[in-house]
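For reference, chains read A, B and C in written order, and residue numbers begin at 1 within each chain.
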Amino acid sequence: MLLIKNARVIDPASGTDTKRDIWIDGSRISRIAPAETPAASSPSTNGETLDATGLVVAPGFIDLHCHLREPGGESSETIETGTRAAARGGFTAVCPMPNMRPVNDNASVTRSILERAAAVAVTHVWPIGAASTGSRGESLAEIGAMQKAGIVAVSDDGHPIATAKLLRQVMDYCRALDLPVVDHCEDSSLFAGAVMREGVQSVRLGLRGMPAATESIAVGRDVQMTELTGCRFHVAHLSARGSLDLVRAAKKRGLQVSCEVTPHHFTLTDEDVVYDTRFKMNPPLASAEDRAALIEGLADGTVDAIATDHAPHEAASKDVEFDRAPFGVTGFETALALALELVHSGRLSLMRMVELFTTGPARVLGKKRAVAPGEAADLTIFSTDHPWIFHVNQSASKSTNSPFEGRKFRGAPMVTIVDGRIVYRREA
Amino acid sequence: MAERLRDLLSIEELTAGQIAFLLDEAKPFQEFQRHPLKKLATLRGKTVALAFFESSTRTRISFATAASRLGADTMNLQAESSSLKKGESLLDTARTLDAMKPDCIVMRHSSSGSADFVARHLDIPVVNAGDGTHEHPTQALLDALTIRDRRGTMENLNVTIIGDILHIRVARSNLHLLSHFGCRFTLCGPAMWLPREFECFGKQVRRSTRIEEALDGADIVMVLRVQQERLHEPALPLNEYILLYQLTPERLKIARPDALVLHPGPMIRGLEIDPTVADGPQSCVLEQVTNGLAVRMALLFVLIATGSEADEARGSAHAAH
Amino acid sequence: MRVVEKTQLMSATEIDRTLQRLAHEIVEKSGGVANLALIGIRRRGVPLAQRIARAMHGIEHAEIPVGTLDITLYRDDLSKIAAQPVLHSSEISFPVDDKDVLLVDDVLYTGRTARAAMNGLFDLGRPSRVRMAVLIDRGHRELPIEATFVGRSVQTSDREIVEVRLNETDGEERVMLVERVE
């Protein structure tokens, strides 16, 4: 039994922003009532009372895109450390991509992930299964069996879905199963050997760059295939204005296309890249115009979700020459604070921001997220002004590859509740 | 007084004052190359590690000779015999060399930013002898010295660079260096090697894909070599390059009559440069090589010779006689 | 490091008289100046060498060649030089082989500068003879070096410094004894 008192509840499902008290019984929300004054006592006998004065309570955040590395890459992260880091970021559910070792391309890997999660994860784990066997782009993976085992979407993330022909097969198949297809949109021939976005900075640093078209050419292909097959399609980590324009046009035509943007893409640009592998990820940091377009897309609804693409790498593997470092940065614990920077600067409303973490991603997965009686008690409680500084050595993640080390933030996740249990509470 | 130099990683991070200082320091070493006995004891007992992960004959020999003429010893790591082939990382190799206590590391590596990366991990001075497609600082210094000697100045000149500007690191270093001195640049070559972003490099940089237009009014013509193969790129047919971009005597006439021709070497006569131009009176290639030795001796002297307890207030006026 | 002036050792007129006397001595003790060349050690040895050569020209009516030698590269103690030493070229336009060389410097102290100068000189060729002329010899030799021609000998302590100031290099003309204070 848990009582959350005097919370500012922002619930995108009902479009409401109200002061409420919330009762949680077991793993469900049992009752919601207008907030009483702090002096009044509550009727609950056993259980904790959480004073949420000055804090926002939202439905539990969902991260549509992350890498938990287990099985196979446990030196950089495990399901346990990853979900703990996610909880510290306010996330109540995470969707790990299938590029583990072995690749999650069949039901037994899916089941082993879910069993492990049941034992050690502090958030929900909703795995994404591979589209092709081994994500090698040659033949269809056992998608139906994986769906029965519990995947929520398919992707060959790490790679684009290799050919238009394979994409069509995957989409036809997934439409019948009502599974969304998530693509890491990239034209391999334009990408070849690149380590950052092509531009003044790449030329200055002498690093090989890829043009924005590397992504948008693939988005264009995938949108047309969506039209052909009628399958739900989601663009992973969208980073370029050109890609956004294609998604916007597709939505206007009524196609079931959605997209996500990562916090590092709406915060940094290619001008921030230096010879420091904490700034190396794929898709790479884009231009200032792209960033401005992404923020506009976040505000106007073209972008459906903020997803972290949390990609941990052990320190030694990143401590090499820029060319040789693996792509990826962590992101669970800084996502909300970075999104709040957009709210503080007036570019995003708080309601819209909450949508991007909750109902937006839920809709992509065909799920619901709401703060209402009877709903699952997955809640994210955060402050919009708590001042703090992010330090990688205080993070729950095993890895430290974040470009935001030392960044001062205003606003942070304070309490994370999953299935009615508090899985994270910020130290004073 | 120019700010104390601790490494030489790029020209981009040097001030005009530091560049002028290095070129002035090179002058006595130019004169030194004419001595009958070319051996100093200035860096006696000091060791220069030459870590060339990318094979290079000319630059490596130039640095080795510079070190040796200053009296220093060298440690030699060469790509062919490198343990990198056995999978040892750059960082491990650098640390292994460092554990043998050299006084300086001169390195060449195929990754842009590799010298910066090594310098962040080691305390001793690091000299970038070429990192990926990023910079080749000593080449730009010796080019500037050559220009200054032959022309009397390196200021406000029209400089045309012909070739693969995108991938040849010398181009960036030259751009950064001569931009400090008011030079105007025309970058010339096939469109895919001339990204528009170069125009953001200095106040006076323009591009041209036509060599005749690019050479008009040039005081300095820098010819870059053509790398015959490159990863991830469809190759340009060499005959196309020769037809459109070879520096021939006729094309050279379009430039100013006293224009200088520079080439970082090695030249392929008949490819990017006509043999008569390569060996003609306007060509400075041999002086470039001699000046390379002088610049590298000056650089090693400045980085290694000065002691840690050196007190700037104690100038030579008070030094022991 | 701060220094405090103690005494003036030589005035402008005394410097001039001393150099004239040295010029005469050198002419007397050289057995002919036909093969003689002066090499001034940077910095203050250079104007001194030039003045001595001019004085000798007045006496012998012969042009004595003067060269300059920068000894920074030949020093045995690198840590004593400035953090970013400015190098100058040596300028010796005459061949050194078989020359009768006279090194000229302002102050002879430990002898290390003279040793470095000889190293530099021998890199250029093989002189028939090398001698040295200095304005001030302040003792405290650390090497077996002697100056054949000495303007004045002065007793000094380790804390003291002999500062020769010349118009060409310092804008004034005198020799001062100064002391280091911590």
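Side notes on the structure shown:
Everything below uses one rule, namely that a residue touches a chain if its C-beta (ideal position, glycine included) is under 8 Å from a C-beta of that chain, and two chains touch if they have at least 3 such contacts.
Source: prediction; values computed, not measured.
Contact topology of the protein chains: linear, an open path with no closing contact.
Legend note: the chain whose CA centroid lies nearest the centroid of all displayed protein CA atoms is B. Each chain gets a centre from the mean of its Cα atoms; for subunit A and subunit B, those two points are 46 Å apart. Here the CA centre of subunit B is 39 Å from the CA centre of subunit C.
Centroids of subunit A and subunit C (each the mean of its C-alpha atoms) stand 77 Å apart.
Taken together, the subunit B residues at the contact with subunit C in this complex read 1-2, 4-5, 21, 24-25, 27-29, 31, 35-37, 39-42, 70, 298, 301-302, 305-321. By the touch rule above, subunit B contacts subunit A in their complex via residues 12, 89-91, 109-114, 116-117, 131-135, 166, 169, 172, 195, 197-198, 200-201, 231-232.
Interface residues of subunit C, counted against subunit B in their complex, comprise 1, 43, 70, 72-90, 105-114, 119, 122-125, 161, 163.
For subunit A in complex with subunit B, the residues that touch the partner chain are 192-193, 198-200, 202-208, 275, 319-324.
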